[in-house]
Amino acid sequence: MFALVGRSIESLYQVARGLKTVFKHTVRPPITKNFPDDMPDLPGHFRGRLALAVNPQTSEHLCISCLQCERVCPDKCIQITSHKSPETNKPELIEFKIDHGLCMFCGLCTEVCPTSCIINTNDFEMADYTRESLVYDLKRLTLSQDESAHYFAKKELPMPKPKPPKPAAKPAAPAAAAKPAEDKPEAKPEVKAEAKPQDLPAAPAPESPKKEEQ
Amino acid sequence: MSVELSSPDLKTDEMIINMGPQHPATHGVLRLILTLDGEICKHVEPVLGHLHRAQEWQGQNRTWFQYQALIDRVDYLSGMYTSWAMARAAEQIDGLVVPKRAEYLRVILSEMNRITSHLLWLGTYLIDLGAMFGFPFYPFREREKLFDLFEEVAGQRMMFNYIRIGGVLRNPPFGWFDKLKRFTDEFPDRIDEYEAIVTENPIFLKRTKGVGILKKETAMAYGVTGPCIRASGIPLDLRKTKPYSVYPELDFKVQTMDGDGDTWARYMCRIREMRESNEIIRQAIEKIPGGTTEELRKLLGTTGPEKDESKDLDPSFLLMAKKQNAGLRVKAGEGFAAVESPRGTIGCYVISNGSDKAYRFKWRNPSFCNLSVLPELLVGAPIADIMAIFGSIDVILPDVDR
Amino acid sequence: MTSSAVPYNLNEIGKFFLLSGVWLGIIFGAVWAACWAVGMLVPQLILNAYPNDPCALNVANAIRLLTPLVGVMVFIPINAMYMVLAERRGLALFTVRKGPNRVGPDGFLQTAADAVKLLFKENINPHGGDVLMFTLAPIIFFAPSVFGAIPLLAAVTSNHDLFKIVNLPTGIFYVLAMSSIPVVGIVMGGWASNNKYSLVGGLRSAAQAISYEIPLVLAIITTCFLVGSLDVVNIAQMQKGTDNLASFGFLNWNFFGAGAIPHYLDLLMQGKLEGAQVVTSAFWSLALAFCCILLCGIYLTGACAEINRIPFDLPEAESELVSGYNTEYSGIRFAIFFLAEFTNLFIVSTVAVVMWFGGGATPFPGFLDANTFASIATPFNQALAQAGLPPLMDGQTMSGAFWAIFKTYALVYFAILVRGTLPRFRIDQLLDFGWKKLIPLSLILLLAVTYIRELV
Amino acid sequence: MTETPAPGNKPAEEPKELTAGPFGEFLREHGIASTRLPDSTGVETVLVEGKDLEAALKRLRNSQETELNYLVAVSGVEQADSFESVYHLWSYTNLKELVVKVRVAKSAVPEGKLPVVPSLANFWPAANWHERESYDLMGIRYSGHPYLRRILNPWDWEGHPLRRDYKQPVDSLNDKNPHSMR
């Protein structure tokens, strides 16, 4: 009988302790973020939508059509069309398609890219109305010069060397410059000056360039 | 019709209920075919495979390099461990010695991952028990903090793709270790809060004490691992019993519970493991070769990534023992490697024939093996306990179905 | 990582109170306006139009009689809308979230939007279900709570003229009788859904309601016995204390022993107690108070079980039975179930307030009492009188309504806190708890109260 | 590794005889013949006959010396000319490990039949689901299994997907279908 009473009192005490702990949380600030109003501060290495960078200094397109990303993609979501330029005898990019509906954002393509052209941006809002519109073509994929500079700084990528000047008109060039700014409003904020370390020693740094460059 | 209510001939029927695959508490897509007598369970047949993605087939048809990105999805709540098991298997076959710093980073991130996994279990388990609205958010709050840290170092919150064959992907960014240290400082207080709400709660005790008793012998016969078997009193923890990585250098205890191994013991075991993991992280931060990223930078005298190619580098500061590239190959041979995941022994049996693809992959998933004991536990339990028991063995369905 | 730096959350708490205040203002404004219009304005207009017509007098009186019904009808849906929002925001506060904050200013209209959404959703009849029963179930679940609430109106408005009509001499019995009907609706809904989970949920509900009805009724009977009345208005009035005890405020409540403690203190101050009587009287008074606290606890527990709130929400146990009896419901029928659940919560809280927490009495004499409210109401009444319209309300009623509602919502928030903390019982443990613990305890208390009452 | 020749890429076969390890000795003491295979990353690997499997594993599990009471996994493997059922045995109490393999030569499997390996599920419940999985994916029939039913694939699935000669069915969710929904 007394044991029963004792247990009841103990139980009530424990319930009260729980209630108190829950009630204590009332004065804690909420952890909810008002998402579209304040965007999350994503780290540079965040693996978001794929994009093609241009040279931040010269606004050349960085892709050399080496097809490494196409080959390494586990989902086979990258499709590159290129042809061998008759003048320079080097491959030239014609079309670059990424099916973001298939992409699983593993970032392998960015690791193998010899010129740091294909990068994961911080953009993650890609919802769209059709599956077809998830297939991004070269024009939608290519970043503007400012954005490229932003991501190069944020990801601490080494600056690419400018390509040797070419005699003929470049087919990929027009796409590079004309990127509407409203595509990525949230990526605009000031380029962070603070140094974020990336791959320290011997990270899977972009493996020796020129290897696949025929 | 004249039926005597007290007669044993009173005609009753067994009811067959399909629990799942769309039941809210089957943690995904498990289907249980329950034969009920009233509310008492007479027979259970789990039907698996609703989430079967042919992970083994994919492993055999993708290169090593590609498959590394996929295996986080096998057990998405503890992706580090699946990566680690596969990386260990490949390293064993290849005879690679992973640099110390990389091993420490693996330990730190994996223990973080263990905490996130247990936290998620804690929240959802309380939901299974009916505390739908309040408590489950607290573990998720801490879990979010850890995920933010994961995001900074690995790039994503759950699909890390961080542990690679021969090392890890990259060093954490500046300030990361400080944030983690701050987390480890405040986390024990948070666990105290969880315990204040849950551990001694009379309703919780009633729901869990003496429910779903898993005897030692049964557990061993079914090959149960992880917190489930430790709660039954068997100190099987691969980090201690078959030490790997740098765990021998770290000081921690295997958390076992006395008694029969009921649901409450499994709960308590996980709570204690979280505290223990927290301690491991704290120690590993102290002991990591090269120290924090800032210290490492200072040590190397470099300021930016361009100069990291310095040749006179202490080999233990490296991150990779083997260069990662798309044509990654593993020597021919076979090997079985296991690591202690939050759910138990996660093992990877690999047969390699020296090409860039594995010849045979076989996953030994803890959830799959732990789930096989479920019919044993459920027979004789009322329908309300099904969720209490099923939740307490903490399976994750992608891990079961692969 | 940054959250622990600032330990206060005044912003969110402030928003919560602001939202509550505005919603409560809307609720009472609407109810008040409706009651005033039906009970005073329209009859007066009729009488003004046909001054000496006996027929008009009858019509006016008939319309006046409708006031309580109109009041309840206006009150219940708006109140449920507020309570759903309060529950969500309250739980958000307890769980370090923000809660719904998008629809309308700061989530203000969230439940209104939800209600509209539910109204426009399709009513789905489950295949093989009994459509008639399926349709009737939510109505049977909901209607009793509307009618059960009516006698309480008289109690919370301090027996205002307009609401006198609904006061019954056995009001509390009527409320209890009504509150036991909804379970029929649940069983019907569970049966007619043609779904095994729903059926189990419905049957669980029946078992649960039957077992928890007994301690609940016993707790109320004991209190009625102690007070000596079944009339809710009477019970509420008594807790204000008789003239010489009124200054003790909340000690007069049934919660603290139905006036035993003030009585003792009164005697002590007047020096009427001598020798050992000082101690024994004190002991018995405190014992009675303790019994009453236990009774109130039993009532609240039983009420929680009656209305299927966590930790007793077994009929809809989400992790076991998907959603129990309302698994198959959609659209307006589900909305009615939802509405009734919250209305029931409000009503059982009101019963508790009337029975134990002093009804409309202020806890501290002189604090926000009839005089204060009268001084607020006077300018309005004067303004209306100048316009030739009937007065709004008197201070007495306003004070009573204010405090009754205030206490009721305090209990509701407590229920929300409980919901945020406790896990759910198992059905056999629940029945065990009901039959083996609560019923014996309430019987013991009945005996104890009978005995102690004579000694105090 | 001798037993891992992939089709088309095979290392040289090493005919040299390996001496029996401690577990091989143990088995021989109890009258069970076993063949030592090359270690799988440092763990002793033995090959036993199908008919000896049950006796061998019972010995290994229950004997005080060995106490290999933790069946980690049962894997089905298709080699170039045989099917293997691989048992990874560990111990809950000590550090010993052992890999036991059972081979069924492809030439010994009749046309249209599955290779047969005796089941452990009757005395070792841990093997139950592993064997079902192996049956499902690799098509090894475990004779004497109490409930040998497909576990990961649907019950009416045709074929065994991890076989090398498995043909993927073409359905609406499949890339190979021209009307694929992808």
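Going by the order they are written in, the chains are A, B, C and D; count residues from 1 in each one.
By definition in this document, contacts are C-beta pairs under 8 Å (C-beta built on N, C-alpha and C of every residue); 3 or more make two chains touch, one makes a residue touch a chain.
Since we're looking at a predicted model, the values are computed, not measured.
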item	value
Of B-D and A-B, whichever chain pair has more C-beta contact pairs	A-B
Most widely separated chain from chain A, with each centre as the mean of CA atoms	C
Whole-Å gap between the CA centroids of chain C and chain D	67
Whole-Å gap separating chain B and chain D, where each centre is the average of the chain's CA atoms	26
Separation of chain A from chain B, taking each centre as the mean of its C-alpha atoms, in whole Å	27
Inter-chain centre distance, chain A versus chain C - centres from mean C-alpha coordinates, in Å	55
Sequence positions of chain B contacting 2 or more other chains	134-135, 138, 141, 197, 201, 203
Chain A, residues touching no fewer than two other chains	15, 18, 22, 25, 31
Residue list for chain C, restricted to those that touch at least two other chains	94-97, 420-422
Chain D residues touching chain B - in the complex, by the definition given at the top	1, 3-6, 9-11, 40-43, 69-73, 75, 77-78, 86, 88, 90, 92, 95, 99, 124-126, 128-130, 133, 137, 150-154, 161-162
Interfacial residue positions of chain C with respect to chain B in the complex	1, 4, 91, 94-97, 196-197, 200, 310-311, 313-314, 317-320, 322, 419-429
Of all residues in chain A, those that touch chain B in their complex	10-11, 14-15, 17-18, 21-22, 25, 31, 42-47, 68, 71-74, 104-108, 111-112, 120, 156, 158, 194-204, 207
Residue ranges of chain B touching chain C (in the complex, touch as defined)	15, 17, 23-25, 39, 126-135, 137-138, 141, 145, 148, 179, 182-183, 186, 197, 201, 203-204, 206-207, 382-388
List of chain C residues in touch with chain A within their complex	3, 6-9, 11-13, 92-98, 101, 417-418, 420-422
